Each structure stands twice: as structure tokens, then as C-alpha cells.
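The two complexes that follow have subunit A in common; it is paired with subunit B in the first and with subunit C in the second.
Entry: the complex of A and B
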């Protein structure tokens, strides 16, 4: 196998990895404030992608224009869901929360099936079918823009969490909820906003990377699984770890399917997860 | 003050369940198939509940055990002509070994419960991908069972017999789980669920009992896989090895009430027929409409009764009793 092909696959893996990292980061955000393991995470993104499809087919609006609008819609959806559904169930325990999101998977996948049918769909954007060639690399513009936006958002989210009041409050709640409440942090409000931002980021990411995926009603759960793997490999609740984990999984998946073919390539992320959990149970960058 | 119950508490549940188990002669043929599916899920939910509910270890890997049972007995029947009546024990044994191995791997360290869920998801996905690509297992095409058509080969002429077989499985599993729940083992498991550190501190051998719960649960699920394979006469990865069936098992159990003896019985007995009714009413229209209605129903139940229908019932009964007590003791 020539070095060029390997290089090409590695670069593509890194680009997909940046996207995975962002999905995992938003999952980490949702997880860290309330302990909610969100099995419906990828399904929210699938919903946003179908939203982009509607915008393109019905109104001829490009996915990149839709993305910021989707962020606002999904932010509102996230806050509403948190207030009405997630918070009352989380009060009964984190397991009840995880089970609720399993129910949401059912609802969202079948909502998509009812609204759009079970066919495969592709959504073109202005950048589709255009490549950037930097010999020996050939890269599709959609992937370049998608991964660059994902990386920028990841870094922005990280800076927000590290430097702003909101970020400090989120981290305080994640570390010690009771102490945070005693310091005067409005737990419910911060949790709702964090959940909203987490879901909103999915609303933004979905349209931005829609050209990279074939849309099916059940695509969401696959994305959830990737996000879970990335989140755990990096250490649950560790934001830098999630970024590193995303890149590792992206490259492993890309090289794996190039060298060993589809099925083995698909198995590699899960195998990595099992190994990490068995030998570094708190994640590659996890503490304790 | 309290009315004396006519029968001890569990007896009513048993009576109702035995009536359901003897019902098929009264049912039409389409309902018998729904009944078989219901009893199968009662059985699988009771089995999952032993590790997932009573011991509180959120396992998503039960598709592995279902597949282990189904594929082991089927491969033995195809290649060696072994009747599934013997193959079922081989299947249960393979499932148990896998279960014990997973439990040992994951519980050596005190991983938080959610990472256990993730390890089991990952292993279940690995298993699914492996089965759907290995030729010995028929890959994604699956395996068809050799047709014998005799009871000696675990194949019956009519569905009523299948119904009685799976009902017997379910009765056995409920008996086992009810017995476990009240013995020392059950107390240990519930102590581990409620506070693992405290249980460890007072001397409960945590690892041993978690492995025991997993082993029992895996063995029962393996037997369920053998039955399902005989009933369908066909084994393939989507039905037996995908995570979807585990999600259904978990949701049914949770809606009934995880961690109780009768919760995993009540959940599927309401939800499986409800799902079939919805399919009957809405299935002709838009694809997925009945599943959407079904999913919304599940979410609503979890929202208003996170501890399951049995938990909600118990809270309602206590509230009613407190109200009556307040009325009786009030000055007027």
C-alpha cells in the first residue's frame, strides 16, 4: 500500500475525528452537568440533518445557512426537553435518565420514519463535488469546512468552559453539585442552558456535516455509539480527553477500514473502547 | 386498622399469571402468536431483571446471551444432529461462560455503573458485527433449522404447544427470581445495588455475587434464545444479536418496575399486546406510526413513573391508605 493512500486516509480520519470530537464534547457537556447518559444524542443530530434536507428540498436553502437557525431551534428544544422531561426523571436517578433517553431513541427514529420514510437520502450543499488538491492529497471541501467548523467550535466551547462565568459554573456543578448550590449557583438554570447548548451544538453540527452522511432513520444510534466511545476513551467528563479521543477514533476507523475492510474497520472503535475500559478504566486522560 | 388480605401478597399475582399461562385454548390463532411473544418477553425481562434490576448492574449485552443460546443449539442441530432439548443446555452453558467472563472483566475494578453499560454495549456491537460477517454463523443471511417436525426435535405442529413451553419457561424464571429476591443472595444483590461501597464494607463478596447474578441471568437468556430459534425456525443476527432487542427488554422491564419481582412481568404483559394493537390500528397507514405512538407511550410512563408502574401503584396505595388513616383519626 502506498504512503500516499495511507496519508490520505490519515488526514481524512483526522477530519472525521474533529467532527466526532465535537459530538462527544456536546455529549460530555450534557453528561457533566446532570449525569445524564444521553443515548438519544445522535438522533438529535439526525433530526437536524433531516431538517437541513427539508430546507434544501422545500425552500432551496443551503445547509450552511440553515445551521445557525438550527442551533437556535435545537437550543430551545433542549431547554424545553430538559425542563419538562429530563429534570423530573433525573431526580429519580441517573439510570432512570438513561432509560428515558432510550425511549427518546425510539420516538425520534420513528418520527423520522413517519415524516420522511425509510429511504436513503443525500443532501447536496454548495460545496458538494468540489475538491481541494494539495498533492498528494485530494480533500473534499465539504469535509474540510465541516471539520474546520467542528474544530473551531470545540475550541470555542473549551475556552468558554475554561474562562467564562458560565463555564466555571458548569464545571462547579460537575464537580460538586451541593457545594455549587451553596455558592449561589442557580443549578437548574445552568443545567438547562448547558443541556440546551449541548443539543443546540448538535443542531448546528448536523447540517454542517450533512454532505458527509447518507441519511437513514436509524443513523442516529450509530452516531451515539461513536460519541459514547469517544467520550469514554477520553475519560468521562474530560473535555480535552474527548477531543483527543475523537481524533484517535477517527484515524483508527479510517485506517482500519482501509487496511482490513469494512467489518473489521467497523469493529476497531469498539475494540479500542473495550481495551481502554479494561486497562485504563477512567479513560486515557481520566483522573483518579 | 388494615384489612386482612384474602391471600398473601404474591399469591394474587401468581393466580393471575397462571390464568394467563393457561389461556391459549380461549384465544384466536392471531392472539396466540402475540401471546407467545408476550410470554417470551416476560421470560427475557425476568432474566434481565436479575442482573439489571435486582443487582442494579445496567447490562446492555444480553443480545450476546440470546445469540449464544440460539446459535449454539442451532449449530449443534445442523452439524451434529443434536436435538435442541440437549442443545439448549449447551447454549445456556455457552451464554453463562460469556456472561461470567464479561462480569469478571468489568467488575474487577469498581467501575461506575454507566461504564459497565458502555462495556456491554461495545461487546454486544462487537458480537453483532462478528456474527454478521462469519460464515460459520451464516453471516447476515442467517441459518435455517433442519425441519424435523417432531416434539423430540423441539418442533411442534401447533402454536399452542409453543405457548405452553414458553409459559413454563416464564413460570420457572419467575419462581427462581422470586426465590432469589428473598434469600440471602437477593439481599446481597440488593445491598450491592443500593450502595456498593457499604455492601463491600460489611463483608458482602461483591465480585462473586455480581458474577453470580450475571451467570444466572445469562443462562436464562440463553435458554430464551434457544426457544426463540425453535419458534422462528430461523436464526439471523438482526433478530438475535442486535442491541434493539435488549433496548426493548430494558424498556419493558423499566416500565413495569425494574428491581422488583413482578415489574418485569407486568411491563411486557401490557406493552407487547399494546404494541401489537397499535400495529394493527396504525400499521396500515404510515410506516413507523405505531412505533412512534408506542415510543411516546413509553416516554410518558417513564416521565410520570420513573420507578415503573408497580412503583406508581405502590405510591398510590400508600397515599390512599394515608388519606384514609387521616380521615379515621381526624377529630370529627
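Entry: the complex of A and C
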């Protein structure tokens, strides 16, 4: 196999990895505030992609234009869901919270089924079918822009978490909730905002990578699974770990399907998961 | 300054505090002593707003604050340095201190308060960029107190600050508390270490099974045969 092909697959893997990283990062953000594993995470993203489809089909608005609007809508949706549903249920325990999100999976997938039917859909964007050629690489513009936006958002989110008062409050709640309350941090408020940002990021990411996916009602759960693997590999709750895990899984998936074919390639992320957990039970960058 | 009356509190079905009466006046250093399990931590947490009381009244500077929550207490100037220090382990000393002053009331003067705290605990200045989890128990206690001071408390409450510290560190911690009190800070100190806390305080309360059983000047309490027998052993 030629080096050019390997290079092509690696670059493509890194680009998909940047997208996985952002999904996992937003999942980590949601997890860090309340200990909630959001099994409906990918479904929110699927919903945003269908939103982009509606915008395109009905209003001829391009997905890239829809993305920032979707961020705002999904942020509001996240805050509302957190206040009205997640927080009251989470008070009964983390397990109840996880069950709630599993319920949200069914609600969203069936909502999509009812509204759009079970057909496969593709949503073209203004950049579809255009490639950037930098010999020996040929890269679709949709993937370049989608992954670049995902990477930029990941880095921005990371900087916010690391360097701002808001980020410090989010981390404080994750590390010791009672101590955070004793600082006078308004825990409910910070949690609602963090949840909103986590869901809002999915609202933004869905449209900008919509061209990379074939839309089906159940696609969301596949995305959730990938994000879960990425999170666990990186170390649950660790933001840097989620970013690194995303890139690892992206490259592994891409190289795996190139070298071993689609079926075996699809198993590679799970193999890596098992391998990492054997030697680092708390993930690559996880502590304790 | 702080007035607690008829306070009943606990967790779920379990009542821990039964009709607690306690007062702390401006500028005082008051000790709250009692054996492990007497309810000291529950009382401190209830005053700080982490536990909502079932009955009774908590007021501070004349304002009724019963059951108003931790954020409101910090707003009023009541700040708890909790048992077990509870520093944020995966954050640096500097981040911990900045979070101490995160509330909108102290936030505008954070930098100035930080300088005062670092003057009081020079060791924290040396460890500015170190993760809190990697510090010794004594250093973590200094950080916890420093973090509490960042909130510009009018009343600083400390729960078992000597717990698990070396004798030298205990001395250092108590020297800092004495100095803060001498500078005018009102302090409520909960301690199992009865001898030590009665030595630094002016007044004391003895808590037993969730009730205040004795109160008075610290010197009198330390000499009281009942306290001596129950808490000081055969000293």
C-alpha cells in the first residue's frame, strides 16, 4: 500500500477525529456538571442535522448559515431541558438521570421518524462535491471546513474552561460540589448554562458536518457510542483526554477500514477501548 | 452578629441538631467544642446554608437568613472553611484562591484581597501554580483558610482546622487565626481539640448529642470539672 494512500487516510481520520473530539467534549461538559451520562447526546446532533435538512429543503438556507441559529436554539433547548427535566430527575440520582437520557433517545428518534420518515437523506451544502487538492492529498471541502470549525470550537471551549471564571466554576462544581456552593457559586445556574452550551455545540456542529453523514432516524445513537468510547479512552470527565481520544479514534477508524476493510475497521475503536482499559482503567488522561 | 435560636436540623429522617442556641458577637473568637458526632459539622453546615434547617432561626447582622442557601450566606459575609479542607484538588493554588473570591460581592476586589492572603500565608505565594492535591495537609489547610478569606468574610467559620495536621502545622494555623481575630475578624471555630480551641477563644459552647450543654468564658469551660472529665480526659 502506498504512502500516499496512508497519508490520505490519516489526514481524513484526523479530520473526523476533530469532529468526534468536539462531540465527546460537549458530552464531557454535560457530564462534568452533574455526573450525567447523556445517552441522547448524539440524538441531539441528529436532530440538528435534520433541522439543517428542513432549512435546506423548505427554505433553501445553507447548513453553514443555519449553524449559528441552531446553536442559539439548542442552547435554549438545553437550558430549558435542564431546568425542567434533567435537574429534577438528577436529584434522584445519576442512574435516574441516565435513564432519563435513554428515554430522550426514544423520544427524539421517534420524533424524527414521525416527522421525516425512515428514509435515508443527504443534505448538500454550498461546498458539496468540491475538493481541495494538495498533491498527494485530495480533501473534500465540507470535511475541511467541518473539522476546522470543530477543532476551533474544541480549542475555544477548552480555553474557556481553563482560563475563565465561568470555566473555573464549572470545574469547581465537578471537583467538589459542596465546596463550590460554599464559595457562593450558584450551582444551578452554572449547570444550566454548561448543559445549554453542551447541547448548543451539538446544534452548531450538526449542520456544519451534515454533508459528511447520511441521515437516518437512528444515526444519533451511533454518534453517542463513538462519543462514549472517546470519553472513556481519554478518561471520563477529562477535557484534554476527550480531545486526544477523538483524534485517536478518528485515525484508527480511518486507517482500520483502509487496511482491514469496513467490517473489521468498524471494530477497531472497540478494540482500542478494550486495550486502553486493560492498561489504563481510568483512561489515558483520567485521574483516580 | 450571628444569632442562632431553636435550630433543628438533620439529614432526611435523622435529626442531628435539637434546639441549638448560639450567638457570636462582632470581633469575637468563639469555640464550638464537642466529641466526634456531637453535631458540630451539621451545625456549621446549617449555618453556612448547605443543610436546610427543619425549625429555628438563623440571623446575621439582624437579617433573617434561615434556609436561604449557601449563596445568600456568602452574600451576607458568612463563610465556612469546611471540615476536611475541601480544596479543589485538580486546580492550582491560584485557581482555588480566585474561586474563593468568585462571588459578586468580593469579586471586584479580588486582586487586593489575594495580596493580603498571600502576605498572611507566604507559602501559598511560593506554591501559586501547584495543584492543590499535591500539597501537604497543612498547606491545604492554609489554602482552605486563604480561599475562605478571599470571600471577604465578616464571620469566618472553621470546621476542625487542626484535623490531621502535624503539631507544628496546628500551631501555625492557630497563630494565623489569632492574628486574623486580632485584626478584627469574627471567628467561629468548631474543634474536637478542646484544649487548643478553648485556649485561643474568648467564649465557648459545648455541643453534646445535638444540644448545647454548656456555655461560658473559655477559661471557665476549660476549668469546669464536667468539661474536663468529658473532653479533656484526666489532664
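Please note the rule applied: the second predicted complex is superposed on the first by the 288 of 288 C-alpha atoms of A that agree within 3 Å, B and C clash if a C-alpha of one lies under 4 Å from a C-alpha of the other, contacts with A are read in each partner's own complex, and residues count from 1 in each chain.
Methods note: a contact is a pair of C-beta atoms (placed from the backbone, for glycine too) under 8 Å apart; a residue touches a chain by one contact, two chains touch by 3 or more.
Remember, predicted model here, so these are calculated numbers, not experimental data.
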Would subunit B and subunit C fit next to each other on subunit A once aligned, or clash? fit
Looking at the overlay, does A:8 come into contact with subunit B only (first), subunit C only (second), both, or neither? neither
Quick check on the superposed pair: does A:89 touch subunit B, subunit C, both, or neither? Answer first, second, both or neither. first
Of the two partner chains, subunit B (first) and subunit C (second), which one does A:169 touch, if any: first, second, both, or neither? second
Is A:281 in contact with subunit B, with subunit C, with both, or with neither (first, second, both, neither)? first
Give the label of whichever partner, subunit B or subunit C, reaches more residues of subunit A. B
Between subunit B and subunit C, whom does A:179 touch in the aligned arrangement: first, second, both, or neither? second
On the overlay, how many Å separate the closest CA atoms of subunit B and subunit C? 13
Going through subunit A, the residues touched by subunit B and also by subunit C turn out to be none
Residue set of subunit A touching subunit C in the complex reads 165, 168-169, 171-172, 175-176, 178-186, 287
As the complex stands, subunit C meets subunit A at residues 48-50, 70-71, 73-75, 79-80, 82, 86-91, 95, 98-100, 102-103, 105, 147, 151
Along subunit B, where are the residues that touch subunit A in the complex? 56, 58, 105-106, 109, 111-115, 117-119, 121-123, 125-126, 129-130, 132-133, 243, 247, 250-251, 254, 286-289, 291-292, 294-296, 298-299, 302-303, 306-307
List the residues on subunit A that touch subunit B in their complex, please. 37, 85, 88-89, 91-96, 98-100, 102-107, 109-114, 117-118, 217, 221, 225, 228-229, 232, 236, 263, 266-267, 270-271, 273-274, 277-278, 281
